[in-house]
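You will see two complexes here that share subunit A, one where it goes with subunit B and one where it goes with subunit C.
What follows is the complex of A and B.
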């Protein structure tokens, strides 16, 4: 993928499909590194499935024999000399604390680092696509941060749906304003 | 032209040829796998320098006739095994991508 934000979109879709009620999308950035964490409380996977998801020939879809979301994210991280990990607890193994956590660490200064791209659009697309999920997005870079928490927003908004145009537009503007403070974006 | 015939041409070397009778039609060049996945067409020769196992998956999805690894790029034994198991032809060219493409232009 030409932009990491497209990888984020792809991986977060897995969390939605896993029936997650709460999904964290976290970006922790320094001058040298970018750490992406996508954590959900979805149905999780058994140890065997976790081992196979980095295999490009594994997929949960039945229409084809190849699932590329996780392998491509792993490749994108590793080709910058970074690391990739995935941990999961399945609902069968633990009916209370189940879910999946995908983490990818990138060396930003490596020539093969893929730019983050339009992450604001990605976040808005995810919220619009699954408005009932509690989304927590947070991008930190030194003292700067850009964040949105739809569980908090829902308490303030009451009956106004999260996927209404006005709310999504407000989220977009608010994230863009926060990003304007990132001087090295 | 079939993959087997292509493999026998000067400058080409077969690394894995589980489906030698496949007919070649057209060429696609690219290294960004997600990009190739959506653009390479069935029966294309796909020229790349990428060599991780994901290329086998991309070739399977796009149903390309064969992969050509340019610049003398080689595959890990485990990736070659996957190529054989998934019936993906993989050739190698010692030349850079552009020269490899020129050779294909002459041949096809």
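What follows is the complex of A and C.
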């Protein structure tokens, strides 16, 4: 992947497929590090499946037997000297508090750090693809932050769908405005 | 976030449109958004379709959706166009520029852009 924002788009699709009602995409950035958290309340995975998802030859896809999403993100983090973790509670193990949390820590100043890229497009694409999910995106850098909360938006929008172009464009402009306040990216 | 008052204004403006959208969706544009598609550049293709379908006033007739791996990863980005009563059209190795052309000629004009299809 050329940009970390593409890894984020890819991994968050897993949360959608897990039937999550609520998905958090959080970026916590400092001058040295970037911490990515993708957390959902989807169906989760058993301990055995969690162990196998970092294996590229494990996949849920039916069209071919290679799944590169998680291994690619893990590689992107570890090649900067960072860390990767995935935790999950399956619906069978806990019918109430189930879901998955993927966390990746990057050293931004490492030579092999993949730039974050167009994360605004990633957020818009995710909302367009799964407009009924409660998305919470928040990127913080020092005192700056850029955020979207679709549950909050839905209260104002009533029955206007989140995936209508006017709304998606509002989200894009809103995030771009907030990112303009960041000192550096 | 930007002011939510602006969102309320969008809601007001779109009230009539929402009713229209209910009976819509004669044409369905499906973009493959699995790892293979994303790595090959599907995100800008999808976003261009969303943007152009709205810009060309086709939102009542065309819906743009995402799907997982279509199974022909070497041809990604792949876009499928479904239209009632017609055979599915599969566009391969798409770019944002090709998406413009597909919206203009196919979705608006009704003529398949043959050179971008998998058969070409």
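Points to keep in mind about this one:
The rule is short, and it goes like this: the second predicted complex is superposed on the first by the 185 of 185 C-alpha atoms of A that agree within 3 Å, B and C clash if a C-alpha of one lies under 4 Å from a C-alpha of the other, contacts with A are read in each partner's own complex, and residues count from 1 in each chain.
One rule holds for everything that comes next: contacts are C-beta pairs under 8 Å (C-beta built on N, C-alpha and C of every residue); 3 or more make two chains touch, one makes a residue touch a chain.
If you're wondering where the values come from, they're calculated on a predicted model, not measured in any experiment.
In the overlay built on the shared chain, the residue A:129 is in contact with subunit C alone; subunit B does not reach it.
Applying the stated contact rule after C-alpha superposition, one finds that A:170 touches subunit C and leaves subunit B untouched. When the two complexes are superposed, the chain touching more residues of subunit A, out of subunit B and subunit C, is C.
In the superposition on chain A, contact is made by A:68 with both subunit B and subunit C. In the superposition on chain A, A:9 makes contact with subunit C only, while subunit B stays out of contact range. Contacts of A:21 after superposition on the shared chain: neither subunit B nor subunit C is touched. In the superposition on chain A, no contact is made by A:49 with either subunit B or subunit C. When the two structures are aligned on the shared chain, A:151 is found in touch with neither subunit B nor subunit C. By the touch criterion stated above, A:180 is placed in contact with neither subunit B nor subunit C. Residue contacts after overlaying the shared chain place A:159 against subunit C, while subunit B stays out of touching range. Of the residues of subunit A, those at positions 1, 6, 64, 68, 72 touch subunit B in one of the two structures and subunit C in the other. Subunit B makes touch with subunit A in their complex at residues 32-35, 37, 52-54, 56-58, 60-61, 82, 86. Per the touch definition, subunit C reaches subunit A in the complex via residues 1-2, 4, 6-8, 10-11, 13-15, 17-18, 21, 33-35, 38-39, 43-44, 46-47, 50-51, 53-54, 59, 64-66, 68-71, 73.
Residues of subunit A that touch subunit B in their complex: 1-2, 6, 55-57, 64-66, 68, 71-72, 75.
Residues 1, 6, 9-10, 13, 17, 61, 63-64, 67-69, 72, 118, 121-122, 124-125, 128-129, 147-149, 152-153, 156-161, 164-168, 170, 173-174, 177-178 of subunit A are the ones that touch subunit C when the two sit in their complex.
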